[in-house]
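Note that the chains take the letters A, B, C, D, E, F, G and H in the order they are written out, and that residue 1 is the start of every chain.
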Amino acid sequence: MGRPDAVAVGDPLIMAGKTWRSRLIVGTGKYKDFAETRAAIDASGAEIITVAIRRTNIGQNANEPSLLDVLPPSQFTILPNTAGCYTADDAVRTLRLARELLDGHALVKLEVLGDAESLYPNMPETIAAAKTLVAEGFQVMVYCNDDPIVAKQLEEIGCIAVMPLASLIGSGMGILNPWNLQIILDRVNVPVLVDAGIGTASDAAIAMELGCDGVLMNTAIAKARDPVMMAGAMKKAVEAGREAFLAGRMAKKIYQAQASSPTDGIIAPRKS
Amino acid sequence: MIAITLNGESRQFASPPTIAQLVEQLELAGKRIAIERNGEIVPRSRYPELKVADGDALEVVIAVGGG
Amino acid sequence: MGRPDAVAVGDPLIMAGKTWRSRLIVGTGKYKDFAETRAAIDASGAEIITVAIRRTNIGQNANEPSLLDVLPPSQFTILPNTAGCYTADDAVRTLRLARELLDGHALVKLEVLGDAESLYPNMPETIAAAKTLVAEGFQVMVYCNDDPIVAKQLEEIGCIAVMPLASLIGSGMGILNPWNLQIILDRVNVPVLVDAGIGTASDAAIAMELGCDGVLMNTAIAKARDPVMMAGAMKKAVEAGREAFLAGRMAKKIYQAQASSPTDGIIAPRKS
Amino acid sequence: MIAITLNGESRQFASPPTIAQLVEQLELAGKRIAIERNGEIVPRSRYPELKVADGDALEVVIAVGGG
Amino acid sequence: MGRPDAVAVGDPLIMAGKTWRSRLIVGTGKYKDFAETRAAIDASGAEIITVAIRRTNIGQNANEPSLLDVLPPSQFTILPNTAGCYTADDAVRTLRLARELLDGHALVKLEVLGDAESLYPNMPETIAAAKTLVAEGFQVMVYCNDDPIVAKQLEEIGCIAVMPLASLIGSGMGILNPWNLQIILDRVNVPVLVDAGIGTASDAAIAMELGCDGVLMNTAIAKARDPVMMAGAMKKAVEAGREAFLAGRMAKKIYQAQASSPTDGIIAPRKS
Amino acid sequence: MGRPDAVAVGDPLIMAGKTWRSRLIVGTGKYKDFAETRAAIDASGAEIITVAIRRTNIGQNANEPSLLDVLPPSQFTILPNTAGCYTADDAVRTLRLARELLDGHALVKLEVLGDAESLYPNMPETIAAAKTLVAEGFQVMVYCNDDPIVAKQLEEIGCIAVMPLASLIGSGMGILNPWNLQIILDRVNVPVLVDAGIGTASDAAIAMELGCDGVLMNTAIAKARDPVMMAGAMKKAVEAGREAFLAGRMAKKIYQAQASSPTDGIIAPRKS
Amino acid sequence: MIAITLNGESRQFASPPTIAQLVEQLELAGKRIAIERNGEIVPRSRYPELKVADGDALEVVIAVGGG
Amino acid sequence: MIAITLNGESRQFASPPTIAQLVEQLELAGKRIAIERNGEIVPRSRYPELKVADGDALEVVIAVGGG
């Protein structure tokens, strides 16, 4: 390529004092097997990956490999989430377990869901959990609705990143309300990452072009017909959207277009 | 004879094992797990000394794929 | 990156029997100077570049470098266009001059405009010009409206690619009617490239995700605040969109989302 | 004395030059140009032999930046 | 209602020198039976209704009532169309038959379709038919694509109204490209009616708010669960959209909203 | 008109045990003068009108007419709001004053704003205020964001209607996220009215077509070039949208359109 | 004996009827119809006098519901 | 001599008036108003008897146009 890309010239994502070259965070669920999971995550270039915390199946497959064998904390920043939690209390307990599991790791993704059908976040419970977790020293990246007032409140509580949804988890509907994201970006100083709802590459590019600091996705990659190829597409889409944002797009003009070719020097119409 | 709830299932023991012994039995020794007892985290460092007590509710968790 | 990208694994754009690695065609107008033009085109990775044909300024700056010195036919496929032509006759004469200028080069971009304000194509004149040019052995890539019946007719006339507009030339409005593009893609067998109207990276990605074979743009790069960075963004966006199309996106579900994390093994809610 | 129209402007010549001589005068020799005379292309190969005639309309073009 | 509506204060649709109170033109196809057809058309308030011209079923049901018994030319302006015609010649012949059938009636709807799957108009054939029909004294309302250059050409040929599609016939997709309609409205002086693609009441309102002079629809009413109620909804929607256009909508402001309630005189926050 | 409209056949808006014929609630702010206010409200057909509660200008214009002289409670249901309140406490105090002012009137509109620039609601404060007001016997219609979980919570608290925003107050941006409104409508049993953001007639129609029970607006009417005509347009648009919802719209088909005219009986193409 | 094509179907007649007689036979008298013969309109006024000829292609049409 | 805050502005009175007298002074008698004193509603029925006290914060409100 004719130029060093934005990443190489130094445009890192900075959260909680750490820097990352990739602005794409990916989940590890819904894959066919661990091999596909690993291949897709490698193709995505993600440095941060989310994991869920679940009960062991007592006495079963004690010797099967575990997720963290395939995706070791030595190679990736593991971001434990609270998927499946519907109360502040369950979310807090889950992340305390995660911290113990990961040897004191503090960076976590908080999500408290409202109901199992929509998987829409329950913001009052999320706010309550965020207060507790911040007080306990967690570095909280918080999944939230696209309410700019709530997003600002989560920043004030001490969350290190706010992650509004683009659309419902697993819906692949893309960014349903870019205006709310814009208002959030105008108000919030911590990183804003779009989480949930991304369906294809252009959705990720649009999120970045709005000025978001990153994108988190899982289903869009895992449930593509070719997850590994889609992971590569998402990597490029996030970089393309970020670079387009930094490059400053042309103005939109519904009308009064100006030709890309000069308008003088046209050859003379032939006399008929 | 004591009974505990382990990940939602009931378990009996003739005599209360330590957490470490329990983990051994479950063939989870050396694996990345975390344990909650009655809503409180059990630090790994205390597995050898801590004994489970009758009526304890234990949660033993691992990391799995998630989004 | 964890995987060879779609280009490397072989997904070339094939037109008129030739193959190209890049699916991005860029114009050479509206840049600050030739240096910026060259840097942006290098960053875009484009192999085909469009040029306009204009009268020389008699007796002026005889020694200044010319566009084709900066962008030599030995390094790029030069695609002469008929920008500024409002009749079939002027377009045909312009391309005959272009063929002579380029030593018999047959690959050309035909555009006949309807008026200077909208720059919307005049399809009846375009159809007439296409018939003449095909008869004279030109390989015609034709700029057209997004009418699927006309697009099919242009294919039947013998055009080697149809290039419907996304929106007005220079407007940067993006793809205003993806449904028409879809109908064209369902009917036309020659390559379909979106030409005109692209404003930012996600627009290009969307065009490729629809299944288009390529994208042609000028203003979106030349009039970005940083044309070279935007050119790199467009390269990635076109590749991302193409790979997403090939990878097969997840299904959209307005509702009934399925969680990305497993729903069993959730820790027990604490008795209160 | 003849007069032609060159890229829309009028030009006089004492005696009709060949296209090649005209290109020389315009300092366009060796440059990538194309010439149309009265609506017809003039092949480069014929520049040396072809003379411009009174009333000819010539278009001399180059490639410029365009989209 | 508190005010005479726009119709009553005099805002007629004027075409070919005639005036109509209703800006809604409705088709007569796809209904359960003639009774439903009549009830829906009455509810719509339409004064102009379209009919198709078809071969009689020789020797069959000679005594069954015919459409024009139920919707007599004495009560409605009958607008014969050329639905089903794929060539200029068939369309012209069909309308000559219609003129004879309707005792010299000159007002007709011209449509020439491109293919049976998309029902998208074939504009080159439509243009050819329009020239012939205008020369033969027909008052041609022409169904067309949303190409502003072609729309202008149809006006110059002498069509008394241009009727661009909102989306494919029978699709109910609504207005897919309002920008093209806007460009047509900016250029064309004869009445512009949106024809085809309207799916529900708001689609009709949007068309009128853009400044269109009227709307033509069939499926949206006939294939609603309750065609008669939908017909009434469409009547109100067309009037609402027209009045909103005439009333001049408020400016859109993505941001910096101004409260609808005064910002002074707020009671004092209580000291806590 | 050919049929009694939906209102006449009995489709009242029922809230808190009362029924209203009109589903359009209008504000009384931003008008040129009281005469325009009254004329527009009459044209709108609204039965419920919102008013703000403000300090009197001590000692000033003691004899000028007051809003409630022009719009007496004997003719309209007065809906006092809490516009300008940024805390639960101020909102509660304002509505207690309103109840006293209106002789014990219990039906109120609660809104607690997040900041003066966006006027986006502060949902945590709104929830707190709603609990207090319901406990004090108010019938609370609550302005809220479009979060379906919060909307359900407000219903459970005892609000008699939830009123999610279409877009920012005074923005006229229309319905930015119809999907969230749909999810709310799927979950909430009390009436759902769209409040804030309506800009023109079609916006109101779309809200009703989604299945909303009503629409509340102020700026769209007051700041139209002709507020009285726009008020009439809004009346028709709300009725049109409601009737379209009840009538059951046709299915959308991106493709495979079916002609509205019969496809048999076409005259034979002429032998050429 | 003559044969014509009527709305795409073949018909024989011992002797060529007038258009008016044909319309009568088809029980279409008094109905709103229009007739094309060999691509040309047949004005209603001429039904009584005009006879169909061997090989004629006739189209007889009515108005039906359409959009 | 007492001082109160009335709609945010300071007011002095030689002797504390009743709410009714205050309303009279403000020429608001018979108008649709409501009054809050120190954060509490003052029922209209009590205007005649209730006297304002030194330091009272009063809010007197009416209904105005609002959305």
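Here is the rule we go by: contacts are C-beta pairs under 8 Å (C-beta built on N, C-alpha and C of every residue); 3 or more make two chains touch, one makes a residue touch a chain.
Quick caveat: nothing in here was measured; it's all calculated off a predicted structure.
Listed by label, the chains touching chain A and chain H alike are E, F. Between the Cα centres of chain A and chain B there is a gap of 34 Å.
Distance between chain A and chain C, defined via averaged C-alpha coordinates, is recorded as 30 Å.
Centroids built from CA atoms put chain G at 62 Å from chain F.
Listed for chain A are residues 27, 29-30, 52-55, 81, 83, 93, 97, 118, 168-169, 173, 179, 183, 218-219, 222, 254-255, 259-262, 265, 267, 270, each touching two or more other chains.
Each of residues 8, 36, 39, 59, 61, 64-67 in chain D touches at least two other chains.
A complete list of chain pairs in contact reads A-B, A-C, A-D, A-E, A-F, B-C, C-D, C-E, C-F, E-F, E-G, E-H, F-G, F-H. Listing the residues of chain A that touch chain F in their complex gives 114-115, 118, 120-124, 127, 145, 147-150, 152-153, 167-168, 173, 176-177, 179-180, 183. Only residues 6-9, 26-28, 31-36, 39, 41-44, 59-67 of chain D touch chain C when the two sit together in their complex. In the complex of the two chains, the chain C residues touching chain B come out as 259-262, 265, 267-268, 270.
Residues 1-3, 5-6, 27, 29-30, 39, 41-45, 52-55, 57, 81, 83-85, 87, 89-90, 93-94, 97, 116-119, 168-173, 199-202, 205-206, 209, 218-220, 222-237, 239-244, 246-267, 269-270 of chain F are the ones that touch chain E when the two sit in their complex. Interface of chain C with chain D (complex): residues 27-31, 37, 50-56, 58-59, 62-63, 66-68, 78, 80-81, 83, 93, 96-98, 100-102, 169, 217-219, 222.
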